[in-house]
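Every chain is named by a letter (A, B, C and D) in the order it is written, and numbering of its residues begins at 1.
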């Protein structure tokens, strides 16, 4: 089973040179640490920034520079600032090419639920519904099962949806899976020392296995 | 009968302190010369400028500073520059409070035709359709009759329309008229030495005369 | 030149009445109109409908309005940082309308731009789509969303001039420029108020046409929610 | 950092093919992509659909494309400054679609912003409304208008950096920033090309995300249509 850092590291391999990328809170944020140095990419923050720099030194903290997680950040030489309408114009218009975000559930048709649990306080969807409805490539980073052992890869999401037919790929602590156009999770890679049978037993939705399933590589 | 300058001068009296105003090409442009100095107003140019300054000195001509008539202009201290989407956002959103423009025909319901003559080369409507569909107050500056003597104040426009039920007031070389809510041209003022009968004879649409019609005042 | 200057926050918000709809700029606590908030708190007006991306924290920003029971309804995209908010919501003392952040931004922009409605992909197939028209364009489905307007928009800028032209700083820009366009009355508070002619006309984010009142705000706290530093 | 720089106009437009739809920035002759126009003229490609507010004059700007019969269709708001244009139009050699200027601007902005359609008041009751859905909102009528897209957007900026961030100057901004968002490929020519980090990130008009190629243009003529001076 992968650690959160390993999930992030595996997702970083999906990043392509020249991409504009939006990273959600949690594991997706960690992905930034593993993007190979030779790739030139730009991170978008939906509160109005292209080119998210590292966290500031204590002496350089600026309350007027935060990311969408409300953390203090810095600018980079190629940064540009803009308002929220422009920010979501670039998201909705498909200019942000890759969105990586967490999920509570993903269905075998690529539906995603990640914003609301009935009975619990609802905090809001923030920008998630816009992001999943828009980006060409959407990768989910999550644990394969919930804390009580239930599969999060389902025939159909039980929780209120964030978006439909939008997820392209899922990287969990057990596997890399792609959504098949006709529905189903195509098992592309398994985590080191995780068997196909284990993944099968922990995937509630339709699992598609095409030949030998290689072990994940991280470099 | 008024000269073009006098029409402009009369229209200038309609301007209120603090207004944002768009002036069309022709007589409307002349209005700027007669706005009383004590009024603080801002002229909008739909190609992307608030605060149109005077024409430049020869030495200060800048090809990157033109008005919507493509004339070289200058900036003022309170000027702001923006793009065409922002420009029409402020027009469409009703932030430009007064639009003054020319017309070929106006109907007694406030319809206006000023962009196209069937059989003649069509140049396009430019921003006129957006302007007349949006501003709260729209004043037309025009000759009362066409060159061949036909009334331009009609029961119904014959030419292709620019907008419907939008004109609030008309200042011609003969009269000041307002559009009545139920239709009709209310004769508010007559030009010096022009009789009500003459205006009657030259107004094809319904003319509404409410009591004594005063002569125009220019100051 | 038109001069939009008012003396202070108290004067700027003096005519905001019970039941008003207010747009308030900011993302989290960044770029919020701190002085207008303080002035409204003193007046303790009630039944406000507030359009703001977030709802502040318990002891800062819009959270202070909640504590004083000034808010009837919040229209936001994310409200998760506030215990008093949660309490009032669970007790049915507060209405909340949650809107996807990009849809919220675009609805406000549409309100200012005279666009009464537009289609957007966000929320198709989710509960956000309930009761809304769904239409297909080029093989993809979209929701019809309406423009948002407010009686007053309260925005915070970095610099402003007496004509109402505004420049924002960093990510404190966020919803402020959009909201400035969608208020019947827009009140701008700025850190630096300069004479018209002092700002580069090419670098203005919000043209003065959208601003009815402007004043220099005092003693900005600019509280940070997640101070995150590197060593 | 991503570097969007290409050598020159010829390289930038090398893959534009016959039949392409091009958006071209500018208002009249102000802010037009002079170098891209020159490079395309050399290639004499044909059957172009051009989205541009105007159509240039007989011997400058898009007028030069018309002279070489490169244009199949113009989508514009005003085309009145060009005799060759008139001749081709009357002879049926050219298609023209005239669109209210604000609708043109908003349709382009919508194309870039992922908004497939929106309602606008411009053109209600006129021939522009023919065949379009009309809907009432709050007692007023509006037309449904669709987004516009292009294979290539050719824009002209004042300054740009290697990451594609752009700053425009004066009223030469006009349609350029909108079009930059709506091209599948956006090509920016600039008077000054500077290294990333040289522009104030707070003053950028077009973020680099919208620009795929950028180059420094040469010898801008910037022809003036109506030189009007005061004495």
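The criterion applied here is as follows: a contact is a pair of C-beta atoms (placed from the backbone, for glycine too) under 8 Å apart; a residue touches a chain by one contact, two chains touch by 3 or more.
As the structure is a prediction and not an experimental result, all values here were calculated from the model.
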item	value
Contact-richer chain pair [B-D vs B-C]	B-D
Whole-Å separation of chain centres (CA-atom averages), subunit B against subunit D	29
Centre distance in Å when subunit C and subunit D are each reduced to the mean of their C-alpha atoms	33
Approximate Å spacing (C-alpha centroids) for the pair subunit A, subunit D	36
Where subunit A touches two or more other chains at once, by residue number	75, 81-82, 88-89, 91-92, 134
Residue list for subunit C, restricted to those that touch at least two other chains	106, 109, 113-115, 120-121, 168-170, 202
Overall pattern in which the protein chains touch one another (line/ring/star/complete/other)	other
Which pairs of chains touch, using the document's own definition	A-C, A-D, B-C, B-D, C-D
Residues of subunit A that touch subunit D when the two form their complex	18, 20, 40-42, 44, 50-51, 75-82, 86, 88-96, 134
Of subunit C, residues touching subunit B in the complex	1-3, 109, 111-115, 161-163, 165, 181, 195-197, 201-202, 204, 207-210
Complex interface listing, subunit A residues touching subunit C	45-49, 54-58, 61-73, 75, 81-85, 87-89, 91-92, 111, 121-130, 133-134, 160-165
Of subunit D, residues touching subunit B in the complex	27-31, 53, 76-80, 86, 89-90, 96, 98, 100-106, 108-109, 120-128, 158, 168-178, 205, 222-231
Parts of subunit C lying in touch with subunit D, wherever the complex brings them together	106, 110, 113-121, 135, 137-138, 140, 142, 146, 167-170, 200, 202-203
